[in-house]
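The following blocks contain the structures, represented as C-alpha cells.
You will see two complexes here that share chain A, one where it goes with chain B and one where it goes with chain C.
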Partner chain A sequence: MVGEELVGLTPEMIEASQAGMKAIGAAIAVGSTGLASAAAEMAIGSAAVGATAENKDVFGLVLLLTVIPETIVIFGLVVALLLIF
Partner chain B sequence: MLSPEQMSRVLIAAPKDVMEPVISELHRQRLFHIEDFVENDEEEYAGYRIGVPLEGAKEISKDLLRLRSVTGAFSLRAEDLDPSGKIRKSQLTAQIEQELPGIEMEVEELLSRRTELENHVKELEQKIEALTPFSEMRADLALLHGYRTLAVFAGYLSKKVDIGVPCEEYYSESKKGNFLVAVVPVEYRQEVERKLLDAQFQTVPVPDESGPAKERISVYNVQIETDRKDLEEIATQLDALKSQYSEFLIACDELLSIDAQKAEVPLRFATTDHAFIADGWVPSHTLSSLTDGINAVSGGRAFVAKLPIQKERDVVPVEYDNINFAKPTQFLMDIYSRPKYTELDPTLIVAIVFPIFFGLILGDVGYGALLLVASFGLRKLLKGSDGKMLLDIMRNASISSIFFGILFSEIFGFKLPWAPILPSRHLNIGGEGGHGPAIPELMIMCVWIGIIHITAGRILGILNHARRAQGGAFDIEEASEHHGNQRSHHVRAMLANLGWIMVMWGILVMIWSAFPMPLMPDLTGFAPLVMGLTLPLIIGILLVVPGVVFIFRESALELVELPTILSHVLSYARLVGVGVSSVAIAMVINFITIGLIIEPQLENLTIFGAIIIAVGVIVWIIGQILNTILGMIGGGLQSLRLQYVEFFTKFYKGGGKKYSPFGEIRRFTED
Partner chain C sequence: MVKFSAGPVPYVYVCTRMRVRKSKLIPREDYLRLLNMSIPEITRFIEETQYKKEIDELASSFHGIDLLELALSWNLAKEYQSIQDITPGVLKRFTQSYLRKWDIQNILTIFRGKAQGMKTGKIREILVPGGELDKVFLDRLLKEDSLEKIVEALRGQSIYPVIAAGITTAIEEESFAKIENALYKQFYENLLSEATSGFKGGRQFLEYILLDIDMINIRNMFRLRADKLPEDASTMVIPGGRFSIQDFQDLVSIEDEKSFIDALKSKVTLKPLLVLLDAMTGERSLREIEIDLIKVQLAQMESFSKMKPFSIHPILTYLEKKKYEIFNLRAIARGKEVNLPTDRIRGYLVM
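And then the complex of A and B:
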C-alpha cells in the first residue's frame, strides 16, 4: 500500500518534502516555545512593572524574574536552528 | 578598579557660631555625605537634639516657592539650558531684590488673566453646546420659557409621534436624531409625557436665552474668537518673558536652592546648646583636603575626627572608582543596583563585554555607522549626565558593531568584498548567500563565550568571598568570634563557586568524550580504561562529583539549580539567534526592494518604472532604518540581559547606598 503511494514520487520530491517537514518542525519548535514564554512572561512582567513603580530598587531583581521563562524559547530556537542547518 | 572608592567615616564637631562657615565650606567642597542624626534614647546620644534651620530659612523657602511658580509656568528646567556665564552671588542677590518681584508680578498677572480667559471660553462653549439642538429653529428662545399655563417639551425622540392634543410644535429630522419642541397647555402635560415616553423621548434643557439660537451661537463664537486672540497674545508675552529671563530665573533658582539647602542642613546634625556634630562619609583620599578646609574657615575651632567603621552597623555609601573608559557603564550598573561597599565592582568588565556582545548581535558595518552617527547627533537633544552616559555606551557599542561587521563581512545585509572571518551569518534568501549561515559553528562559538563568561563570573564570586573573608574593604580589624563564623561561611561559599565551575567543565569534558563537535576538542578516540569508562569520562566524573559535594555543603537547595548550568550556557545562543534574525530581516528588505522592485524595472526603463524605482528606494530606506532600531533595541537589551542574568547571578548582589555628597555643582552662579 505505502509502496504504491510512493511510486509517483521522484527522489527530488521526497527530498523537498523532507526539507518542508524540517521547516515545519522548526516552526513548531520556535512558535510553541515562543507562545509558552510569552504566556509566562505576561504575568511576571505586569507584576514586575507594578513592583518597580512601587520601589525602583527592585528593578534588577524583577528583571531576573521576568526573563526566567525566556529559557524556554531559547531552547526552542536552538532546536529549530539545529533542525534546519 | 573592580572595587568601589574607599570611604572614611568622619565626625565634625564645632561650636555653633562657626556652623554657617563650616556648612558653606562643606557645600563648596561637595565631598561630605551626611548621615542623618536620629534622636534616640541610647546613652551615648543623651543630651543631643536635632538642629534647627539657620536664620532666614523660612524667607528663602518662601522666595523659592514663589520663584518655582514662575519657572513652573514657563516649564523651565536647568538641564535644558546652557549657561552663557556665571553670575556673581552678590550681583544676583541685588538683582533678586530689585527685579524678581516685578517679573513675578507680571507673570502672575498674565497667568491669572490666562486662567480667567480659559474659563470664559469654556463657559461659552458650554452655552453653545446647549444651544446647538435649537439652532435650526427660527423662533425666539425667549418664547420657550416663563409660562404658567403652558408646558414646554424639548428633546430627541426615536420617531415622529402624533401628540394628539392642541399644541404648537416644531419638528426636524437630522443625523443626530429627531428633534421635537412642543408647547402644550399644562393640563395635558401628563398625557403628552406618557406618549413621548413611548417614543424614547430624551429631554434637552431649554437654554435661558432670548433671540433665535443661531444668532446667539454666532455671537458667542465671536466672543470665543476674541478670547482666543487674547490668549495668543498672552502666550507670546509669556514666551517673550521666558526667553528674556530664563537664564536669570534659573540662576535665581540655583542660588536660592543652594541657600535653602545650606539653611536646612542643621536638621541633619546633632546639636547641643553651644555645639553641633555632623556625622558622615568622605572618600578616604579627600579626607585631608576636607580637614584643611574646615580648619581654615573655622579658625581651627572645629574638630574633625576619623572614626572606625563598624561593620555590623554602618552602611557605607558607595562611590564608583573607575577609569574614564568604564565610567559611562556606571549608568548600566545603577539600573541594576549599585555594588555594596564590600563587593567587587564589575563595571569595567561590563564596559568591555557589553559592547562585544552588542557587536556580535548587530555585527554590521552599515548599522554600526548609522548608530555611531546617531550617538553623536543626539548629544544636542539628550542633555544631563544620564543622557551623556547612555550616548557614550551607544558610541562604544556601535564601534564594536562596525568591528564585528568587518569580521562578519556585512553591510546593510549585503556582503563586503571579503569572505567572513568569523563563521558566516549570510542566509540563502532570493538565491543569494551561498551555503547559508554556518549555524553549528556560530552556536559553538556562542557556547564558548558563555562558558568563559560564566566561568569568569564564578571566579569573581570566589574573589568576592575571599575579600570578605579577609575583612573585605574595611580598613579595621574586627575582633569577635562572629568573625570566625563568617570566615568559615565565606570559605564554604568560595568552595561552592569552585564546585559550580568544576561541574560545568566536568559536564563539558563528558560531552566531548561522547560526541565530536566542531570548534571543540574531540575526546572520543580514547580506549576504555576501567569498567568501559574512557579517561576523559573519568576526568569528567572526577570533576562533577566533588563539585556537587562543594555546592551541597554550602546549601542543599542550590542543587535544584544544577540544570541552570545547561540553560545559562545555552542562553548565549541568543547572540546567534537575535543576530541571524537581524541579518535575515536586512536580507529580506534587500531582496524585496532591490530584487523584486528595482531590478526588474532597470531592465527596460520607463517613466512609470522610474517612479516604481523611487518607491523601492524609499521602502529600502524605511526598512533599513526600522531594522537599525530593532537591532539596537534587540542587541542592547539581549546583551544587557546576559550581563544581568547570566553573569551577575554568579557573584553580584548589589544594593549599595549611593554616595551623594552635600553640595551642588554650580552652573549658573558663583560666590
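And then the complex of A and C:
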C-alpha cells in the first residue's frame, strides 16, 4: 500500500523526491520537444537549403519557415519553467 | 563507430531543387510570344533566361539557328550532368538509368547523320550527351568515317550487342528503325529489372516506367494505324506494360477508328487518357494525337510527383518537362528558319 511505503520517509525526503520528479518532468518536456523540433526542422531545413541553392532571393523567407518549429521547443521550455518555479 | 543515417533529408533537398527548377521553365504565355519573334529575337529572349551562359559561350563562334541549337543541346546536357551530381544514392542510380535513353538517341542520330552524309558539326549540334556516353566519347564516334567503325568503337558498351546484331541489315535496308526498336526494348527491360530489384523507391520508379511503356505503345499503335503497316506490329511493341503483344496486334488490326478507340478505352484505366480518348472525335492528325499523349503523360507524372513528393517522381517530371522545353524552343527556331506559318509551328509545341 502507498501509505505503508511512505512509512519511514521524513518530510525532507518527500520534498526532495517531489523536487526530483519536477526536474525529471521538466527535462522530459524540454528534451522531447527539442527532438520534435529537430525532426521538423530537418525536413524544412533541407528543403530550405535546396530552394536557396536554386534561388537566393528566397533566403529570408525560408529562414523564417525553418525556425517555425522552434515554437514547439519553446512550449516545452515554458512547461519546464512552470514546473520548476 | 556509430553510423548516422541522413534519413529523408537528401531526398527532400534534391526534390525541392527540382521543383524550383521546374518553376523556372518557360511558361505557355512566353511560347506564344516566342512564336511571333525572329531567330535573333528568340536568341536574345532565351539569353535572359536559363540559357545565358551557353549563349554567351557560343556567341563568338556561332550565330543564327546554329547558335540556338547548340546552346539548347549544351544546356540540356549540362542540366542532366548537374542533376546526376546532386541526386543521392538510389535516386542517382535510377536517374542514370533513365538518362541512358539519350545514349540510344545519340547513337541513332550519329548513325542516321552519317548515313545521310551530314557534316560532323551539324550532327554534333543535336547530340545531347546526357547519358553514359559522354561528350568526348561521342566526339570520338563522330570522327569515325564509317558506320562499321562506329559500331566497333562501341564495343564494351551495354548497347553494343544489340547494335552489332542489327547493323548489317540496317545498312542494307538503309533504315535504323529495327535497331531503334531493339535498343528501346533492351532499355526498358533493363529499367524494369532495376526497378524490381528491391531498391528503396523502386516502386515509384516502376510506376513511371509502366506509364512510359504504355504511352509509347499507344503512340506506336496510332503511328502504325496511320502508316497502315500492321504486319510489323509485333516488333514495335515494348513488353512489360499493360499491353501484351497479342493485345497490341489485336488493337492495331482494328480497321474502324471508333472501334479502335473503344477497344483501347476498355484496356486503359488512366483517367486523363480516358478523357483524351473520349474527346477523340473527328479527323485529328497523328501529330496532334502524339502531342496530346505527351501532355497526358506529363500531367500524370505531375500527379505522381504530387502524391510522392520525395521520390524519383519530381526528378523525372522535371527532366521530362525540361526535355520538352528544349524540343519546343527547337521547334520554334527550326520553324522560323524555314518560314513555317505560326499556327503550324504551334501545332508542334508541348505546352
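Operating definition for what follows: the second predicted complex is superposed on the first by the 85 of 85 C-alpha atoms of A that agree within 3 Å, B and C clash if a C-alpha of one lies under 4 Å from a C-alpha of the other, contacts with A are read in each partner's own complex, and residues count from 1 in each chain.
In the analysis below, a residue touches a chain if its C-beta (ideal position, glycine included) is under 8 Å from a C-beta of that chain, and two chains touch if they have at least 3 such contacts.
Quick caveat, the model's predicted, so the values are computed rather than measured.
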When the two structures are laid over each other on chain A, do chain B and chain C clash or fit?
fit
Dominant contact partner of chain A by residue count, chain C or chain B
B
Which superposed partner A:L35 touches (first chain B, second chain C, both, neither):
neither
If you stack the two complexes on chain A, which partner ends up touching A:I84: first (chain B), second (chain C), both, or neither?
first
One more residue to check, A:M21. First (chain B), second (chain C), both or neither?
neither
Once the two structures are overlaid on A, work out the angle chain B-chain A-chain C from the Cα centres, in steps of 10 degrees.
50
Is A:T71 in contact with chain B, with chain C, with both, or with neither (first, second, both, neither)?
first
Output check: A:L63 vs chain B and chain C. Expected answer is one of first, second, both, neither. What do you get?
first
Quick check on the superposed pair: does A:V49 touch chain B, chain C, both, or neither? Answer first, second, both or neither.
second
Look at A:M13 in the shared chain and tell me whether it touches chain B only, chain C only, both, or neither; answer first, second, both or neither.
neither
Give, as a whole number of angstrom, the minimum Cα separation of chain B and chain C in the superposed three-chain arrangement.
8
Going by the contact rule set out above, which residues of chain A touch chain C in the complex?
42-43, 46-47, 49-51, 53-55
Considering only the defined contacts, which chain C positions touch chain A in the complex?
7-10, 12-17, 20-21, 24
Considering only the defined contacts, which chain B positions touch chain A in the complex?
335-337, 436-440, 443, 567, 570-571, 573-574, 576-577, 580, 641, 644-645, 648-649, 654-655
Parts of chain A lying in touch with chain B, wherever the complex brings them together
57, 59-60, 63-64, 67, 70-71, 74-75, 77-78, 81-82, 84-85
